[in-house]
Amino acid sequence: MQQINGNFYKKSIISIDQFDVHDIEIAFSLADSYRKDLGKGTVFHDLEGKILTALFYEPSSRTFGSHIAAMQRLGGSTIPIQGVTFSSVSKGETLEDTIRVFASYSDVIALRHPDEGASEIASTYSPIPIINAGDGIGEHPTQALLDLFTIKSRLGRTDNISVAMVGDLKYGRTVHSLAKLLSLYKNITLHFVCPKTSPMPTDIVSLIAKRGVVTKTASSINDIINKVDVLYMTRVQKERMDLKLYESIKDLFILDAKLADQMKKKSVIMHPLPRIHEITKEVDDNPRAVYFTDQVKNGMFIRMALLKMVLTKR
Amino acid sequence: MQQINGNFYKKSIISIDQFDVHDIEIAFSLADSYRKDLGKGTVFHDLEGKILTALFYEPSSRTFGSHIAAMQRLGGSTIPIQGVTFSSVSKGETLEDTIRVFASYSDVIALRHPDEGASEIASTYSPIPIINAGDGIGEHPTQALLDLFTIKSRLGRTDNISVAMVGDLKYGRTVHSLAKLLSLYKNITLHFVCPKTSPMPTDIVSLIAKRGVVTKTASSINDIINKVDVLYMTRVQKERMDLKLYESIKDLFILDAKLADQMKKKSVIMHPLPRIHEITKEVDDNPRAVYFTDQVKNGMFIRMALLKMVLTKR
Amino acid sequence: MQQINGNFYKKSIISIDQFDVHDIEIAFSLADSYRKDLGKGTVFHDLEGKILTALFYEPSSRTFGSHIAAMQRLGGSTIPIQGVTFSSVSKGETLEDTIRVFASYSDVIALRHPDEGASEIASTYSPIPIINAGDGIGEHPTQALLDLFTIKSRLGRTDNISVAMVGDLKYGRTVHSLAKLLSLYKNITLHFVCPKTSPMPTDIVSLIAKRGVVTKTASSINDIINKVDVLYMTRVQKERMDLKLYESIKDLFILDAKLADQMKKKSVIMHPLPRIHEITKEVDDNPRAVYFTDQVKNGMFIRMALLKMVLTKR
């Protein structure tokens, strides 16, 4: 996979590994300007006449909606394809063939697929950019970018940050991508708070350690709650494990209002959503909680930035 | 629930109870001007840059299509979410959380939900306006408005009207909303023609009686056919009752061509659709029949008006 | 069914039988200009303010996406209705009633339906144009037009062409429509290469023979591979026959790289897609293969042309 080096035009966005600090700055700067301008009521025409296919092989109304909103906010149009499995694919068509068809209709494809690596395969067959909107337990690069953008917007920095990642770290693709993304910055500490059966994968741990990230493990939120700048909660993904394991761990790592109050004044509580019960409802009103506000909105702004970058020359 | 008092900007539209006669006049006047201008081929840009999420928890291609058409006719865009139950929600997300997410992407949400009261709950969590597109056996305010708009357009008045409501009046939310809406006007008579097992709910009957509506019951269409200005037929909603009850009543209240011919010259035959067999096909060509023409078109114009009102300052 | 005679405005497009050579020239000329202009980056506003309903009673993400792309490329909007069977229709609504509803919201309807003849029925009830996007084993006129447009673009002519049609010719609606379309031109030879159980229907064979087409049959691709200008491969449609028949014929007519190399230098390999295994993957890189490139793109351009013609006066 090639690195992007500031020039995203006509490139696919498959993995967070493609981005260096300079690339990220370009995306964040653009997302920030869209955020400001939309707040003022600006109507954008940047991508007028362009078409995004949102090609979703598994349901995800949130990520689906975010990409569609991003394209439409920029004046572009969308071909919404959900449940593609019921259609051509059920007649036996391969992913490659489907990609080539939609590449003929549109200018960019946001692909959601249950299989790890599907986006990279798609990008090798596609004459137009693919944006990975999640492929199995693989990558979710746009989520990692919106997470870091939110952190930067709230804390005012991307260096010198202590982050706790809580929940199922083995199957949670968002924490994998975010850990790798954070490892590009200086003086990062990651606290892994997870069931022993669901640790952060060792290849990610060694990679980020090599890049200078300090990694620690903790067995409860309590142990790290007053130390961190970012508390990144995740859902235990029922659909990715057997029921017995799920039942045994689902209640272990829950954030309630009392715990949240022990956090540093200037810190943030994040979650990639959907939130089930790992964050109690009272926490929603905590000023540190950004999961329903900044994170979701920033997701749209980051995707606007990425669409703009892959579809237009700088 | 607050009343609207002529200023709809940033307000949710949950129940017909929010509207007074003045509010209705504003909506009708706007709908009427859209109807005229679209007839002339006008291309509207009123809501350019704005996004409607059509968030449908139960299927309703008609109401779904009507809201999407209304938004697009005004130059706006849409995020089409049907079968949301298969997605985030199947991962256990609450309605409140889903609403907060789509409120971050869009400027207004049209919500269809199987549970009575869902729209009001949604509106308390949403920073953007919710338009109730039907919630269970609860309200369907936009349908009631389009019905009254159709009556006014055809008869030229909203006072001095005699209406027969025919069919399953217990579970038919459209007749509930319409009865309440009509009760705001003078000299209204309602004839309820329904199975004994499916009467108009008593709380609605007492409310509208208090407001001066004369209510009568009849056991067949025959008894009232030559007296009324409006014959409002409804479907017996199979999915809302047990099969035995359904079979026993489904054929009791059917309008055929012979009956239709006995109506006053200047009168209208209405139906919220889908029509099954409670109106026979020959009636479709009766000049009084407005269910496939005026009602459906007016639905789009009323929704254009409401979208315009909640999204822009007067 | 009336013929079109060059004036498509407000006409439904139901069958390839409506088109004569002059009509086809008009459509091709428009498609060609859209192809050139889009290649230059032109943003079109031809159908701004217009709405297409894509009303699909059976899944077909490809044809669905093609119509939506075509409408949006011209600046129009779309109401995407897939799986309409789960909605009003499941409440018992007829096709006629559903058509009348969506005709009130939109300016044109692209209809996909499992039943032969559904589009013609729909057009008799619809006040707006219907475009047949496939109805059962009936017609698929837009596919035939894009196929011929592709042949013309590649070979530079529509007369003096030898075409092999390979696969299940009994149930393949695309080859039915294409055979009839080709019969309008001079000096056409058609080779039918198919299982004995799935021949080209005799009514089509006699019709095109009467018009001067030379028809031949062959029992293998091998027999005709070096003679034809066009090799039109089709999928054996599993869903349209019993499993036993399917298993017995599915591997009989397969094109591989070695066979493809025996074709004339200036010839084309076509397929309506989805391709299963009747064309092996290596053939995709053969310069004669146009199924993933020209055909799919041309489908969008032809649909742009047709939408433009039915929605605007010349």
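The first chain written gets the first letter, and so on, giving A, B and C; residue counts start at 1 in each chain.
Here is the rule we use: a residue touches a chain if its C-beta (ideal position, glycine included) is under 8 Å from a C-beta of that chain, and two chains touch if they have at least 3 such contacts.
These numbers were taken from a predicted model, which means no experiment stands behind them.
Trainee: When the Cα trace of chain A is superposed on that of chain B, what is the rotation angle, expressed as a multiple of 5 degrees?
Mentor: 120
Trainee: Same or different for chain B and chain C, when you check if over half of the residue numbers at their contact belong to both copies?
Mentor: different
Trainee: Between chain B and chain C, tell me the centre distance in angstrom, where each centre is the average of that chain's C-alpha atoms.
Mentor: The computed centroid separation for chain B versus chain C comes out at 40 Å.
Trainee: What parts of chain A, by residue number, touch at least two of the other chains?
Mentor: Residue numbers touching two or more other chains: 80, 83.
Trainee: In the complex of these two chains, what residues of chain A are touching chain C?
Mentor: 48-49, 51, 53, 77, 79-81, 83-84, 86-88, 90-93, 97-98, 100-102, 104-106
Trainee: Which of the residues in chain B end up touching chain C in this complex?
Mentor: Listed in rising order, the residues of chain B that touch chain C are 41-44, 59-62, 64-66, 68-69, 72-73, 75, 80, 82-83, 235, 238-239, 273-276, 292-293, 296-297, 299-300.
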